[in-house]
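Each of the two complexes below includes chain A, the first together with chain B, the second together with chain C.
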Partner chain A sequence: MAERRTRSAAGGRRQNTLELVVVALTLTLILTFAIFVDGFATPGNLRVVLSNSASLVMLACGMGVVIISRGLDLSLIAQMISGALVFSILVTEGVSAPLALLIAVAAMVLVGLINAWLIAYAEIPAMLATLASAMFISGLFRFAVLQGGFLLLLPKTDPVVVFLAGELLPGISMPVALMALTLLLTWVLLSQTTAGRTIYAMGDNFQAARLTGLQVRTVTIVIYVFAALTALMAGLVTSAASGAVDFRTVTHGSLLFDVILVVVLGGIPLRGGRGGVRNIIIGAALIATMRNGMTLMNFQTQSQDMLKGLVLLAAIIADNYVNPRDAETDTVGDL
Partner chain B sequence: MAHTTRTALRRATAALLMGACAAMGLGGSAHADTNIAGKKVIFVPIAMGISLTEGWARRMRQHADMYGYSLDVRDAAFNMNAMTELVAKAITEKPDVLVVHNPTVQLLSRQIKQAESEGIKVLQVNLQSNQPSAAFVGANWDRIGREIAEDIVKECGAGSGKSGKVAIIPGQLTAADSVIMNEAAFKVFEQHKEIQVVSNQASDWEPEKARQITATVLQQHPDLCAIFGHWDVHTMGAGNAVKDAGKADDVLVYSTGGGDDVACKAVEDGVQDRIWSYDADGQGRDAGTMIDLLLQGAAAADGSMLSVESPMKIIKAGADYDASLCWKM
Partner chain C sequence: MTDHPIVSLRGVTKTYGGIDALADADFDLLQGEIHALVGENGAGKSTLCKLIAGVVTPSAGTISVDGAAVVFATPKDASRRGISMVYQETSLVPQLTVAQNIVLGRERTFNSVRRVRNAARQVLQGLNFKVDPSQLAGSLSAAKRQMVEIARAVLNEARVIIFDEPTAALTPEETDHLFDLMRSLKRKGVSMIFISHALEEALRHSDRITVLRNGRVMTSGPASSFDRSLLIQHMIGDELKEAGRPARAARPALSALPILQVENVRMGNMVNNMSFSVFPGEITGIAGLIGSGRSEVAKVIMGHTKRNFGGGRIWLDGREVRYRLPAQAVADGIAYVSEDRKLDGFFETMSAADNIGLGWLAKFGRRRLRTPLQTMRRLASEWERRLSIRATNLNQPVLSLSGGNQQKVVIAKSLVQNPRLVIFDEPTRGVDVGAIAEIRSIIRGFAESGAGVILISSYLPEILELSDRILVAKSGTIAAEFSRAEASAAKILHAAIH
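Here is the complex of A and B:
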């Protein structure tokens, strides 16, 4: 037990170092953009940053919980678009919004259950299981629901679309409110429930967690269903704001890369066992600041991707320099 | 000048051949009386499942049924690697005509050259490669870019009382339409120094990326006068950002597209203001006719590319709005 505490303390210090590096980098960028980029340091721009980051943060909450349990969900973006598609197609066909939401939630719970069954019962590695399910889900929903199409355009006149993209209170948009709700639910799950404790135990040492009698299979179901529901929330917010459900986000976009980037940069190691909501906020703040600043500076999308990659490398190098690898951290999958 | 004469000659040749074809069609029988039955045509679009390509394929199939030749559609599903593989496979099958929809100016250029050298006539639809081939049917992107830019100058330039600030949202930097439209638009803007292009960022054709770019640019430039989106589909995201910011009355949203009923709905909903439609339904008919002609041996006298330019329809919000300008699948 004492040894475990020592290991955790060492790991904690390491993660704190990465967090500090990322926080310092974010603050430097904010300061630089505020001085040199016209229109960056304004309340209106802060609202845009928050609103544009809402879906990314929601997805990062789902992915964060999965990664803390030493899993990986590569089907998250496919779930996001499929969930949004189910809801949107029902609403455009005249089904009432609560019923459409209920059906979409049921569909996503089913998807989460399938992922969890593949991982916990069929014992397929999470990466392979979710990679396969991503292909299956996007193919199934595209052909069965969208009849082979790529896009579903939503009318901006639809009251549900207006509600999901509108303002809850003056200055607080619905996407931002849902983002805050997702962060709160993630914190409750990780910090205030038995399932949360088990998630950390699974990430720290899966075999030990199972041998000590923890309900690892049941918790795996909780984890992947929770991830699927965060993906649905992100999908609803994105499709309402842009007025489209677009399957190219699954096949072509760099969103999955951004989600993993947020989680890892924030300080949640890919080997799991550590991290929390604070880390997700830290990672999201860096990516959102970069994205916003580069858009204001009229950078091309390709240049933005390149710079995001460079920042990730810079953070890893700085972290490794400040905190060299040791026997505990020198494992596959660790940052 | 020589180029203009050649272009005019090519168009005249195409028009004559089409006229002859139409005359044959008026003969009264359900099936056209030519010897092209049994020939093989392969169409490789960027993706099916969008109104543009579905609209083309529908009209092409009608021509194939009428003349009795086969039309195989090979869906690249927005996957560029799959597209080059599908085109490579199509070339090995030696179709009589290969119809391609180029995602970028260079992606298929080598394969188009190879197909032509092997005697396969290549028809390029709407998006042109930098490699010429037997024929092209599609929009005149230079004209669209120029006309939209001129309209923006009229609405936002000197004497309009507006800021002159414009945001451009191309699809992809190397896509033929984005390249040509940007060149044409910037030529116009350069002559009007009061026009300031404050943003020119590609959206990868995605509505959500266009929305995020627009929301950010609107904060930086609240006096933005116009947005020029290169495709009506991704411009939906930009238009929604304008609407959500409460600036639908202040910012003009321009785009181009195939002009199906979704475009008219966007104008009716105030998400977009002016759409230069190249009428995908009409383009499908033109492409079908061009395939018929190529199968009958049509070629430009000087061996250059036969070219048919799609007529434009301008879908405008306001008093001039006309829902009949849009087509429905």
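Here is the complex of A and C:
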């Protein structure tokens, strides 16, 4: 029944302590690794950490914007690989790099538009819409473009490889520069534009945003197209670094979970409405530090995954301990 | 009734995000008494009840049951000590039957349908309730849902039952039945607390009354020691007297041409051939019972509800319109002030200024890429002044404001759009007494500026005081129309019910 009574006032809101817990955890880890792991606290390693986390941060920017609007984009990794594939195939076929990039951007905009249409117009829940589009996209590109293969090796002369292997300024590699650019663009979108305000409003209370007359459909398009473009950028950076476009990243990688982990650990709640670029940086710092430290200690991927899962739980338990819940906040839910 | 307190609170404080919802409260509930809690919205009544029922834990102070201090971490702990709460929005599981709801939480590992039904029937009959135990809880009326909750409390052998605004959704007959029942439970030694906004109810049916104001217990004593004006005085302090109802002559509409015409609009089974007109410069009140299709037709006009649209035509200034999105209605100058702020009124994580600014942005910022923060902030402070929104500063979270100020923020968010027609849906629900008069004068002032106003209200005095013309909705149609001069509470009620 629409005419139900308002619950009386004084609904509390928890402080965002998760953010602080994660910052403390990251600093502790950095200190521990610096003392006990050889080669961690070196300028060279810092550059490696930054370059290696570039694509993760880019994806987290896209996912962060989506999650702040109380959406979810499960097709991000499929978009990342497909975008890189379109570009690389075109270049291998002899299309000039700028034109290939333009086509890849157009393809990703189209993918973003389809996601947004499914969510804003067909009104399918974001999780299901993007799950379906993830399967469709990876299926389509893998079978139509790669003829069933999963790997496209890039030659050393590939313009992306050449471009992204270079440095913008001495000491600042191209991926790091692009990562900084993505963070800047995300900040501009979220805090400087009308669309950004609307994104927070949608995440806070979608029905209120709609009834107030905010352009919720247009902004949904902005959100998912933005996410698709960050995915394309991440795809180009990753494929240049590894010299290949590898569909196994979609089918059995934990990258998607890493991205969500970065966003959530950084303090952007899954129910949206809050958080920003700062939270993405905080979450990424923790995951990047862990990845790097564990790799230096020769941990296997499987044990790294286990540890990441444990860290997620530990951070949330610590947050609960610092800020205990009662029955009321429990039903409201935080993450 | 004995003088032995079954539940007592000493120095109990509950803080939400830095704001005391309840501060340093002392409270005693005696064995076998009916205890009324009165106070404005946000005075701390619900918080007090939730603390006793274990829904929230106190930030400071002690709660004792039978003289021994207790800490309830969950409602289950409280219920183990015989304390049950009957919620305002009932906590029944709609997909389960009445019987299953009654035994909920006390099931054995294996349940036979028959045994559960028999157990439930026994309790219901013991309370003289006419509810079919095999009916689905979701199909019950508000009154019957409440009965089932009471039956559940009785089955749990509750010694203390807390009612959060039990009569809000009940008809007068159902209310009488409820109080009869409370008296019979009292004879069995059960202690009861009830929150009420109807002061007469508290005076007539309770043994003792506690008055709260701004999270503090103002006074507590036998019901016979209070009267209506004394209670109001404690509730609102010295700030102001009960809002008067000035007589106002009906004003002729500024123009004979309607600003809005609605013809034979249908939506699902809630709105049934609804037709009415709204003229500029006047307040068109729509009275009616809860569920008579008033909010629904408002949301159809706004373009918010589009599923189940069954046809009908809507004209704005003589131009036929059919909005598919509220954004289109807002662009054409229509605004809707929601009946439920928390559900679809404001953005709770944001400040009052951001809320008002977003209203402006929705209408005037749609073509702008960059947020004009300066303009938004200037308008927010301008409207804060115009509606005298009392916040310590503009960046205070809207959730930390009182109900009245929250509602003013929601109204400002609509008025900043400079609309030509505003639909106010229950504009003073959950608003403190002081702000009610202010909000009514805002609505009146807005209509006097030449705009159209639709006022949906279930509170008859409000409809009578504000409206220039009164429509009465009944099961999705407009059943009657009265001019200001001919309207009376009796006529409206008659049209709404019969």
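Of note:
Note that the second predicted complex is superposed on the first by the 308 of 335 C-alpha atoms of A that agree within 3 Å, B and C clash if a C-alpha of one lies under 4 Å from a C-alpha of the other, contacts with A are read in each partner's own complex, and residues count from 1 in each chain.
Note that a contact is a pair of C-beta atoms (placed from the backbone, for glycine too) under 8 Å apart; a residue touches a chain by one contact, two chains touch by 3 or more.
Computed from a predicted model, the values in this text were never measured in an experiment.
In the superposition on chain A, contact of A:192 is made with chain C only, not with chain B.
In the superposition on chain A, A:244 contacts chain B only, with no contact to chain C. In the overlay built on the shared chain, the residue A:200 is in contact with chain C alone; chain B does not reach it.
When the shared chain is aligned, chain B comes close enough to touch A:299, but chain C does not.
In the superposed model, A:273 lies in contact with chain C only, and not with chain B.
In the overlay built on the shared chain, the residue A:211 is in contact with chain C alone; chain B does not reach it. Once the two complexes are overlaid on chain A, none of the chain A residues touched by chain B in the first is touched by chain C in the second.
Against chain A, the residues of chain B that register as touching in their complex are 47-50, 77-79, 173, 198-213, 215-217, 219-222, 233, 236-237, 239-241, 243-244, 262, 265-266, 269-271.
The residues of chain A lying in touch with chain B in their complex are 38-39, 42, 44-45, 47-48, 51-52, 142, 146, 148-151, 153, 155-157, 165-166, 238, 241-244, 246, 248-249, 251-253, 291-292, 295-296, 298-302. By the touch criterion stated above, chain A contacts chain C in their complex at residues 1-15, 192-198, 200-201, 204-205, 207-217, 273-274, 324, 326-328. Looking at the complex, you find that chain C touches chain A at residues 15-17, 19, 21, 41-42, 44-47, 50, 54-57, 73-75, 88-89, 165, 168-169, 270, 290-291, 294-296, 299, 302, 304, 325-327, 329-331, 335-336, 338-350, 354, 357-359, 361-363, 365-366, 368-371, 397, 399, 402-403, 406, 413-414, 417, 426, 429-430, 458.
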